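In the two complexes below, chain A is the common chain; its partner is chain B in one and chain C in the other.
Showing the complex of A and B:
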């Protein structure tokens, strides 16, 4: 499909117009943070942001989500599944790294045999619009080391690239094409396309933080018992911040909440950094200390996910690096592993 | 398509207290919607999530055999929040059942072979499913000699006591029941499972050992089978891990790249050797 051009100042207007027609998740300024939230009627999206504080995974995989409801009746418990239904929505303005994370989460939640209807319904009914990183937002960005591109469209339905006075609008998927009408009639010419390619190449070069993410896979295959694993976790507080902010972390807990005779079974984000995560009823815990938990987190991202889905479960957004309260840096961990 | 997170409604049809200490009971469930029984088609070695609303879920191996129609059985020890609530249940009450989950005992691999079943204590449940499956009608012909070595700490802790007696009457089963320590009425074997395995000394020829028990039993039983010449490919066991979703998504039961809930719980020792020793 032909690409479009829109004026840069038209972006907020387009998001607001869409919000009149369906649910639009857009970056919104909240105190010092930018978060993806449903755009309210008189709300103003904030596109001049670097990246959102939270990864936008909560749009498809909310922090807490009802799976089913139950009621106590004189005849016993009666329960009903929460429907796997989602309204038509748009996730407007995510960064390419976060869009990439959706493609990775799809591999887990939308497998051939075991489908997660809650995730899939929201994902299928949401059009993802990415805004390319013409300049890398942070010094901690390392998307190019983990199969990402600052001007990449993986996981996105529409990609917007700032080419100066305009955004070049690329409709990546048929789902994206369906929203073409919102982006006006101005078609992109060859010059705009050339400009975009130049910008994309420069943006790749501008990502200077690099990690040997692919190189460590064969090393991890052989080094489960390496004493190296004793060296990372010493200062880890087991706070779980890294997993909370991670766009690809997807572990969850299932629990029941009851009030009176009504209850709800919910799932909520969980973390492999927590001691209770794997603790069994008997008291046995296969991951006895933070060492094993750090090994699990590292292995899961750079080995297990590769074994199972042929993809690294990291998009190089750098959120875990920036938010770790004790400055454990996954880039350093991977770097150190590469030298084992 | 069936939502894998939503349990089938079942009614507690029968509760059998298995042991003297009364903390292990077998629960027989019937599906409230008869069509659900066919959807719950399972193979010995699989497990289900027992679901008690307001309490949560507990992953438990299926103790009945698919040849037993009309119900599904689980033998459960009272241990945590969910299993304690389960033990408070009465016949006629309604709860939920998810699954069946996991791989299973490798029936095709076992066919035509001599089968040695070794069980310890409360871990005998899915082995009981396998035995009842193999000895059912025409199924029996598909397997060679079947040797069972089953032990518990004392006679009062043996599960499925009536069935053990029935099995001992059959001439196409070699049943060896042992207790660590007998009591005044005990006329059977005394001795730990590994010692009895040594004594029975099953031949490795065309044989597969299926072993399930507490870690301490496994630890001392494996060397016996290695000495008998069993290869790691021909020793099969089942793992337990903390689980929630049961379908490889919630992320807690992995051993290396494998999820015990969906890639297991059944593994051969050869397969386990390829995984990380984290279970």
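Showing the complex of A and C:
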């Protein structure tokens, strides 16, 4: 489909117009944080952001989600499936790294062997509009090391690229094309396309933080018991900041919450950093200390996911690097592993 | 500060060489600009990594408890006469020593299991506040020099006065110099401004109940239950937190508003006479929840009702952990 051009100041207007027709998730400034939240009627999207504080994965995979309900009656338990409600919605303005994360999460939640209805319903009904990173938002961004591109369209349905006075609008998928009407009639010419390509090449060069992410897989294959694993976790607080902010972390826990004779089965985010992670009913935990939990986190991202889905489960957004309260830097961890 | 850093490294080396400490917990330079991060030094050579500056944020007492507990657990299967003592050295400012005192008062370990390297403190930088001050720009490089923070950011060069971005808890700190120590580095820092300690709390207390509740619920809505506040708190050392108990389950694990409020409320109640206002929970909170407003209220109550300032001296026992033979004697209370 032909690409469009829109004026740069038209962005907020388009988001708000869409919000009249669908549920629109957009970056919103809340006190000091920029978060992806449903755009309210009188709300103002905040596009002057570097990247959002939280990863927008909560749109498809919320922190807490009801799976089913149950009631105890004199005749026995009555179960009711929780309505898997997914409104037509638009996720407006994610960065390409976060859009990339959706493509990675699809591999897990929407695979041949197992289909996660809760995730898929939301994913199918949501159009992802991403805004390319013409400038790297942070010095800690390393998307180019993990198969990402600052001006990439992986995982996005529509890609917006800032080419100076205008945004070039690229409709990547048929789902994206359906929203073409919102972007006006101005068609992009060849000059705009050339400019975009120049900008894309420059943007790749501007990402200076690099990690040897592809080199570590064969090393991890052989080093499950390496003493190196004793060196990372010492200062780790065992909080869930890195995993909660991570666009690709997807571990969850399932629990029943019961009040009187009514109960609801919920699933909620879990974190491999929590001491309760993988603790069994017997009281035994196969991962006895933070050392094993840190090994799990690293292995899951750079080995297990590659084994299972042929992709690294990291998009290089740098959120864990910036948010870790004790500055455990995954870039350094990967670099150290590459030297083993 | 340079001078203090040099002396600190020398002392750390000496303590390790003389086997006065098996490990020293201190701070090293972080991988991000304008950060320092906890580190564990076990050989004299590594001591040169140690830094001491206004970027040293976390209260390291938490790690003392962790290390000694882990060591004791590892000794459980060793015959009592063969058990070895592990001495943990720690770089400690005023608030850190307060936390150590609380551990000692609560009999978590013996005084000779910890070797305290006291350092004077003139406050640490509130990282989130600094970000806000520079309009949310990304810091690419930064230095602190002569009370000024100079930065190269994604939004051009910026300079901020250090005193404008110190953590709230530091600005009104009453105990910025070590209360107990085995080795003292440098001379004491000048006092901060403790007279203003409760100003913000008093202002909050003057509000109506509805306003206070509205503020509490607004702050709690930011919480995403990552547990960073609890994990970094030296006074939060229960082997299993009530939040994680499942029989019975006290609190749901989801994002339910009331569950979050109960978690935070219960944590605060457990801080009566035990919160040393080190600001670690505030500094680690990724969402910027204003925990201090409520913790400081509890601290104020402790002072006004019981004349206690948590960890201010070995004799000043926590009000809820104190037993006074002459006044508290009831049949159901016994001294073990």
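In this section, the second predicted complex is superposed on the first by the 339 of 340 C-alpha atoms of A that agree within 3 Å, B and C clash if a C-alpha of one lies under 4 Å from a C-alpha of the other, contacts with A are read in each partner's own complex, and residues count from 1 in each chain.
Methods note: a residue touches a chain if its C-beta (ideal position, glycine included) is under 8 Å from a C-beta of that chain, and two chains touch if they have at least 3 such contacts.
In this text, all values refer to a predicted model and were calculated from it rather than measured experimentally.
Clash-free side-by-side placement of chain B and chain C is the outcome of superposition onto chain A. Of the two partner chains placed by superposition, A:202 touches none, neither chain B nor chain C. In the superposition on chain A, contact is made by A:50 with chain C only, not with chain B. When the shared chain is aligned, no partner comes close enough to touch A:17: not chain B, not chain C.
Of the two partner chains, chain C is the only one that A:32 touches; chain B does not reach it. Of the two partner chains placed around the shared chain by superposition, chain B and chain C are both touched by A:253. In the superposition on chain A, contact of A:210 is made with neither chain B nor chain C. Looking at the shared chain after the overlay, A:7 reaches neither chain B nor chain C. Here the apex is the CA centre of chain A, and the angle it makes with the centres of chain B and chain C after alignment on chain A is 90°, in steps of 10.
Of the two partner chains placed around the shared chain by superposition, neither chain B nor chain C is touched by A:187. Once the two complexes are overlaid on the shared chain, A:272 sits against chain B while remaining clear of chain C. Superposed on chain A, the gap between chain B and chain C at their nearest CA atoms measures out to 7 angstrom in whole units.
Residues 253, 255 of chain A are contacted both by chain B in one complex and by chain C in the other.
Residues 67-68, 70, 72, 75-77, 79, 81, 84, 108-109, 111, 113-118, 224, 250-256, 258, 263, 265, 267, 270, 272, 277-282, 286-287, 292, 296, 299-300, 303-304, 307-308 of chain A are the ones touching chain B in the complex. By the touch criterion stated above, chain A contacts chain C in their complex at residues 30-34, 49-50, 53-54, 62-64, 135, 137-140, 234-235, 237-241, 244-245, 253, 255, 257, 266, 268, 271, 274-276, 321-323, 325-327, 329, 331-332.
In the complex of the two chains, the chain C residues touching chain A come out as 30-33, 35, 37-40, 58, 62-63, 128, 131-132, 136, 138-140, 154, 222, 224-228, 230-232, 244, 249, 252-256, 283-284, 286-288.
Against chain A, in their complex, chain B makes its touches with residues 1, 3-7, 9, 53-57, 79-80, 83, 93-96, 240-242, 244-245, 247-257, 262, 276-279.
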